[in-house]
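The chains carry the letters A, B, C, D, E, F, G and H, assigned in the order they are written, with residues numbered from 1 in each.
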Amino acid sequence: MDPSKSDKRSGSTPASVTTPTATVDLDRRRRCGFPEVVFGQGKTVEQLREILAALVSDGGDALATRIDAEQAAGLVAAFPQGRYNRVARTFRVPARPPRPSGEGGVEGASAGWVAVISAGTSDLAVAEEARETLDWMGVRVTMIHDVGVAGPHRLPERLAEFEAADAVVVVAGMEGALPSVVGGYVACPVIGVPTSVGYGANFGGISALLSMLNSCAANVAVVNIDAGFKAAYLAGLIATRCHLPPDS
Amino acid sequence: MDPSKSDKRSGSTPASVTTPTATVDLDRRRRCGFPEVVFGQGKTVEQLREILAALVSDGGDALATRIDAEQAAGLVAAFPQGRYNRVARTFRVPARPPRPSGEGGVEGASAGWVAVISAGTSDLAVAEEARETLDWMGVRVTMIHDVGVAGPHRLPERLAEFEAADAVVVVAGMEGALPSVVGGYVACPVIGVPTSVGYGANFGGISALLSMLNSCAANVAVVNIDAGFKAAYLAGLIATRCHLPPDS
Amino acid sequence: MDPSKSDKRSGSTPASVTTPTATVDLDRRRRCGFPEVVFGQGKTVEQLREILAALVSDGGDALATRIDAEQAAGLVAAFPQGRYNRVARTFRVPARPPRPSGEGGVEGASAGWVAVISAGTSDLAVAEEARETLDWMGVRVTMIHDVGVAGPHRLPERLAEFEAADAVVVVAGMEGALPSVVGGYVACPVIGVPTSVGYGANFGGISALLSMLNSCAANVAVVNIDAGFKAAYLAGLIATRCHLPPDS
Amino acid sequence: MDPSKSDKRSGSTPASVTTPTATVDLDRRRRCGFPEVVFGQGKTVEQLREILAALVSDGGDALATRIDAEQAAGLVAAFPQGRYNRVARTFRVPARPPRPSGEGGVEGASAGWVAVISAGTSDLAVAEEARETLDWMGVRVTMIHDVGVAGPHRLPERLAEFEAADAVVVVAGMEGALPSVVGGYVACPVIGVPTSVGYGANFGGISALLSMLNSCAANVAVVNIDAGFKAAYLAGLIATRCHLPPDS
Amino acid sequence: MDPSKSDKRSGSTPASVTTPTATVDLDRRRRCGFPEVVFGQGKTVEQLREILAALVSDGGDALATRIDAEQAAGLVAAFPQGRYNRVARTFRVPARPPRPSGEGGVEGASAGWVAVISAGTSDLAVAEEARETLDWMGVRVTMIHDVGVAGPHRLPERLAEFEAADAVVVVAGMEGALPSVVGGYVACPVIGVPTSVGYGANFGGISALLSMLNSCAANVAVVNIDAGFKAAYLAGLIATRCHLPPDS
Amino acid sequence: MDPSKSDKRSGSTPASVTTPTATVDLDRRRRCGFPEVVFGQGKTVEQLREILAALVSDGGDALATRIDAEQAAGLVAAFPQGRYNRVARTFRVPARPPRPSGEGGVEGASAGWVAVISAGTSDLAVAEEARETLDWMGVRVTMIHDVGVAGPHRLPERLAEFEAADAVVVVAGMEGALPSVVGGYVACPVIGVPTSVGYGANFGGISALLSMLNSCAANVAVVNIDAGFKAAYLAGLIATRCHLPPDS
Amino acid sequence: MDPSKSDKRSGSTPASVTTPTATVDLDRRRRCGFPEVVFGQGKTVEQLREILAALVSDGGDALATRIDAEQAAGLVAAFPQGRYNRVARTFRVPARPPRPSGEGGVEGASAGWVAVISAGTSDLAVAEEARETLDWMGVRVTMIHDVGVAGPHRLPERLAEFEAADAVVVVAGMEGALPSVVGGYVACPVIGVPTSVGYGANFGGISALLSMLNSCAANVAVVNIDAGFKAAYLAGLIATRCHLPPDS
Amino acid sequence: MDPSKSDKRSGSTPASVTTPTATVDLDRRRRCGFPEVVFGQGKTVEQLREILAALVSDGGDALATRIDAEQAAGLVAAFPQGRYNRVARTFRVPARPPRPSGEGGVEGASAGWVAVISAGTSDLAVAEEARETLDWMGVRVTMIHDVGVAGPHRLPERLAEFEAADAVVVVAGMEGALPSVVGGYVACPVIGVPTSVGYGANFGGISALLSMLNSCAANVAVVNIDAGFKAAYLAGLIATRCHLPPDS
């Protein structure tokens, strides 16, 4: 049975809660397997608080991304049980009682495995956002840092650490060549995340984005610039579905 | 056992064959689960013939994409057992003996299921390239045509046909909004393919590409403009891996 | 009689007033049915004060847009009867005696009806600028928030609230797909406003702008990025003209 | 009664007809007041024939745009009662019995009035597509040609011909300045259509498109480059709605 | 005699002075008719002081552009006889003894006449930089503000003030249409200056720049965005040369 | 007396002639000193013939630009006295009786002098269009070919040929650096024409256009890509005005 | 002694020859070590013939690039001793008596060594242009084809063939990642040539160009898209200079 | 013997050191002739300190670029023997015992010679970064400032100072024309560095970048915008290799 599709819109739980400025889709966990994740950029602390409160009331393990330090201060005050990751810029309010790390949103699923590979030190924030997302999904993560293509010996030396993963997230700025190289080493899907790291004719990540879109490796898909959450969510979906019981 | 990773580089088969202008990676089927697919655009008939002959000799089910009518004429003469799909612009030389349709490249795998959804009549060529690719991979395909967002009643009416697929490929030009809408209806990964269909400020598909990259649906990844093959290959990988025997 | 065209340039009122840095077009109300609206961005408080004073002296209900907090402080001091909307960034000095809300600039016109629909929480500022503009024009407004396409069930659930409006303003950032979907549900003109909300390959709203320009819905026109005022003005014009007495 | 909204999806007529490659939305006339218009670019003669036949069977007055000479030859053979406009690149199959010119799709509506103004000789094709569309909608059209802004005396000399229209379509390439100037003369909505006419840093119409988006006239909305049909459709919607009986 | 070309590189004056970081071209006044103008942006106060001191020592009337408030403070301290124009962001150190205003750099030339026309209040800074430059060149200036094309009556009402000028500088942001319209009214060269004023799809002035480049008026040339100095310098050159004695 | 401004709109001559698709501005010669020039691109032979006939009837010396070989064939048949310049792609119908070469449109004016400098062999077509335009204006032309900046000795060797001209037109593709260098050698206005010559990251002339807009030489203005006519017209205006009798 | 700088402009040979449309820089061989190379694109056969004849008369080994089949036919007729390379699109007229292959333009220099590495079959034309150029310069060339990054095992397997070269030219389209990887393996300068091979968001080579500009390898410089000649010329200069006698 | 390639990966020194967030490639000095240079932008002081400490421990002469004032303060505290160049934004920790200036990284090599030429005062920071890099490499540097093309007499006057260099780095913003002109004067390779200096249609250096890519001089290669380090590194590699002992 596929837990991500069962029980859609059934039961007595309300499907959504409307705050003064937002409509929180509580049905999403039943419909898509994971609750809604809150995109923090551009929202006030007040708006964030309302939305997170609705998700927490629904019993969920709530995750918010793109939370800056100022927003975080307000959220920590409101949700003392929450945890702010300053590098990833994520804020997470665990379910009560919290599941142990590595046991995420989909009950009964044997957790999958995703590798997150980054090209340089400056890609850490995006990689960390991916790690937090996968942890929240209950997916096992392997982090591999600083293996950019201009040091071509580094990646193959670490091949054993990631070649059997269910999916790989590759985070790279500048010329964005790493996903193509990783895609040549592994058989599984690779999700490339271009980052806005760089200068000059980098155009805030366009250079890396175009590289990844034009990758000659057939197993490379792309998400938006700096979209660590989305890449991880996709990789996590793939990994989770690879390990569903056969009858699902 | 994961067939896509077993038996890597073992045995007596040569890992590659070098033609006068290309190096054909015969090891790829063993390394990645599927043999190399030939990108036809810009290659001469002579080059294509050499590469396909090498793949056929290796016992594979050979697929070439972006084959125009003139190239096809030359290939049909050289490979009478091959089949040219004029709409998809693909040329496929089946293995001998050919497997029945729907039994693709990975032996022993219970085939997965992918839906290919297109927005308008003009997106057919790209959708058809995706269909040919998935058929070659041995993955079951459901085709849903002409369900663009400006007729918003059409897609939900057909939800039952695709909501349980392992992955969905969505092909759309113009404003490229369809992947976001599909992404809201399904729990599985969605691979968006922007097409170059349109006019004016469409810029050969950039408009649709940007829409898909900026999709507010968390389960949407993107491939290059008109890249029907790549989207299908990724969706096929996901579907195949979802149905591997549990011990693999 | 069409009030928006009567009495052009007649009477003894001066057609314009020249301040040290600007020429205020007082004739505009007679020529176009509504007085000039002041675009505040880049103007000093001194310039704004002079222009608004000229409009107020002319008896009008004066509206200024793109007024930041600092400009607002100066204007509130100068026009105690004025009202600053911090979210919309508008400043409005009502006519004396003020008309009740909902009775706007065109005397004798039976007011029309416009719906303002926004995709996400972050589009609120632009939607609110549209609401203020329509209120100033004396047009009835229905606000519908947070119905982005990735939650495809939300919009049709609220169809009854807007399908009979005279015109619809749709405010959306990111992939900008909402106007196409709304355009498929309603028969009236839809004015799309791309917003600069988003990140990565969003390019300050270009992604949403291109989507809307390429909309496959025939009833969607577009205005500039974040141009809530202009979209509302156009929708308000349409709504007002739909309800003019038949002999006008 | 608003004819554009009455009788939605009622009666025994089928809501759509599915041809091998397309789904024709026959319900659209009842839902939106006008039947679907066929975008010809990229479609085969066979596809066009199937779609037009479905619309004609439904009793409609069928219009196809972007029909090149080769497509037209095939359509004229199939629909001898049809008419091809070589300049506008439109093909129209009138209803049987045909309504007299000027009595378009919405029964019982007193037709509105739209002016179509073009800047130069080279904008004629787009202006003519707009004229055909408005004629098909049953809206009265005034055509004003070759009044570009570099001959600033020309437009005001002809003001009397268009200033009382219900809406104005302005077609302009190169610097695209004409909509702003027209917008300063009229009180009604102006729909700007940038054209791809020009050379050098014109970028296939981008220059004119940006001008119109940045227009300082508040009553100017924009459609895609060369989108004569869409501009006319919007202007026709506005004009039609301005002349609906008061109780509608 | 053409004073702008006489006496080239003759005499005992040194042709250049080298400061620690710059080489000041003192020969330029003799070679081109006017001394070098200092572009202040990105230079330190120290660098500016050295360069201006060299020009002043040479006896010239020194002009610096793009001087922000902080730079200005340092320069006023160093050159008490200098004058800072806060709006134009120019700093000028007059020659000793100063020539009366309107008697500029070229001795013996009967001064020409240039009109500077701006579209909106926000274009004032660039227009003022042009005015300062022309004054420094000894050219008579007429300033005409706030005559944007969306108020199409304004410009022709003021035609008498500028139609006999030797050259016209037109400063406009947003859609940048004003130079085309002015170009239709006057027979002399028009220099268009796009400004970075605007928002949304304005791209920091690109919209106006493209409009001006694509102007259908044959007598419109263009300079860089916000380049008030360069436009004025060119217009001033033209005006000066129109009034040289016939034997020059 | 300034012939370019005298006798405006006076006399019994009609101000314009309307052909079926165009309005020919006959008043332009009186208003601007030179008759209208016909932009041929995108016009049919029939349209061109009507417009030229109207100009010839008015007694003018008619010039058409962007005339391809096919259009030229039709025009030569209609105007046997006309002359087609295949390189410049211009067609000119001289006045009857023709003025001798070098005595152009402005009677009584002592002709000015313009140099046309081109960077490479491939810029010849644009330079030739400029030459034809200047000849038609009655302005003396000096042509200097193939003096690109990568052969830096070439230009200064020929300085004597152009340094005393009234204005210089500089035609350059690729990096577009030549106007800056020329601008450093001459005191007069320089009009840069970027050409679409080049390949790779040239973008059809954008590279050269940006170079010229960013020129560090203060006396360089720019026209559109390949706009040889416009550059020549501006330079011709400047040259003509420099040689008007002092009392004009 | 550095042969590339000796004997500048000395002797009785003329420094240049002027044909009707071009100025051939005969002094270049003495000044820069190699004669001028003719860029064929956009030149007529007549122009090419004149320029090549001038170079041949000067005794040089003449090379022309970007020669299409039609131009080649004309040149082969005029220079029977010349050789056309259809893939490279080069035409070369050897000096008389011809030097044996591998003994190029610089007498007395011990030839250097350059490797030309290409990513895919479609990059062959550019790689071949580079090979022809290096051969003409008298530099030894090693060609390595089809080692794209998505087959990451290929390049290191061939490292021994190129790691000791004096310079490496890397030709790659699509994501343009190969120069970065090569740059990580070698200590010498790497010249990257982006090619226009690809589709979709490749933009005629921009994607690869941006990748190479943003390369994280410090030893990678870039030339224009498809500029095989320029890359080879630079690499050849470096290689030649590395092997000059120590006293030069 | 080529010191840059000898002794690869031999000996007992570890090839890399892993800090918490980075992997420092200590093998690089042996592999490429020079140790890794640290790109400071976006790194924390803590990260920089760890990486520099690893390089210093390895005995190297460590260089970091893009170090802002705040980072510098932290580094000066940690490495008292280091030197911060505020203009170049570089931080260098010399080896112990320090080699005298001009004796850089490659032992036994007779140092080469590079000229660094800049166009304007504002290009100083990038030129200075180049100078620091070359000094660190042990290459002799000649600095030539402020010789922009609009003062065309300046560069040839200083030709003797740079024409015999082994390579030239040319730093220029705005129109980026200087590398083409320099390339015409010298026979050696020229590395162009576009800078982000300028305004308006400069686009942060794109204008200069495109100019340099399109340079008609065959000996000009390009690096990224503001990439003073990379240009110097390439020029330094070339210069170093030109002076290796003949048997290397």
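Everything that follows uses one rule, which is that contacts are C-beta pairs under 8 Å (C-beta built on N, C-alpha and C of every residue); 3 or more make two chains touch, one makes a residue touch a chain.
Keep in mind that this is a model prediction, so the values were computed, not measured.
Peer 1: By label order, what chains touch chain D and chain F together?
Peer 2: E
Peer 1: For chain B and chain E, what is the smallest step count along a path of chains that touch one another?
Peer 2: Each step joins two touching chains, and the minimum needed here is 2.
Peer 1: Tell me, please, which of B-D, A-B or G-H gives a repeat of the D-F interface, judged by over half of the contact pairs matching in residue number.
Peer 2: B-D
Peer 1: If you average the CA coordinates per chain, which chain's centre is most distant from that of chain H?
Peer 2: Comparing chain centres, D lies farthest from chain H.
Peer 1: Would you kindly state whether over half or under half of the residue numbers at the chain G/chain H interface are used by both copies, giving same or different?
Peer 2: The interface of chain G with chain H is built from mostly shared positions.
Peer 1: Please report how many Å separate the Cα centroid of chain C from that of chain E, as a whole number.
Peer 2: About 38 Å, centre to centre.
Peer 1: CA centre of chain C versus CA centre of chain D: separation in Å?
Peer 2: Centre-to-centre distance between chain C and chain D: 26 Å.
Peer 1: On chain B, where are the residues touching two or more other chains?
Peer 2: 151, 200-202, 206, 209, 213-214, 218, 224
Peer 1: Give the pairs of chains that touch; include all such pairs.
Peer 2: Those chain pairs which touch are A-B, A-C, A-G, A-H, B-C, B-D, B-G, C-D, C-E, D-E, D-F, E-F, E-H, F-G, F-H, G-H.
Peer 1: Sort out for me which residues of chain E touch chain H in the complex.
Peer 2: 16, 21-23, 25, 28, 41-43, 47, 66, 194, 196, 205-206, 209, 224-227
Peer 1: Chain B touches which residues of chain A in the complex?
Peer 2: Against chain B, chain A makes touches at 2, 4-5, 31-33, 37, 163-164, 166, 186-189, 191, 209, 213-214, 218-224, 229-231, 233-234, 237-238, 241-242, 244-246.
Peer 1: Taking the complex as given, what residues does chain H use to touch chain E?
Peer 2: So the residues of chain H touching chain E come out as 121-122, 124, 145-147, 151, 154, 197, 199-202.
Peer 1: Taking the complex as given, what residues does chain H use to touch chain F?
Peer 2: 119-120, 148-153, 156, 174-177, 180-181, 183-185, 198, 200-203, 206-208, 210-218
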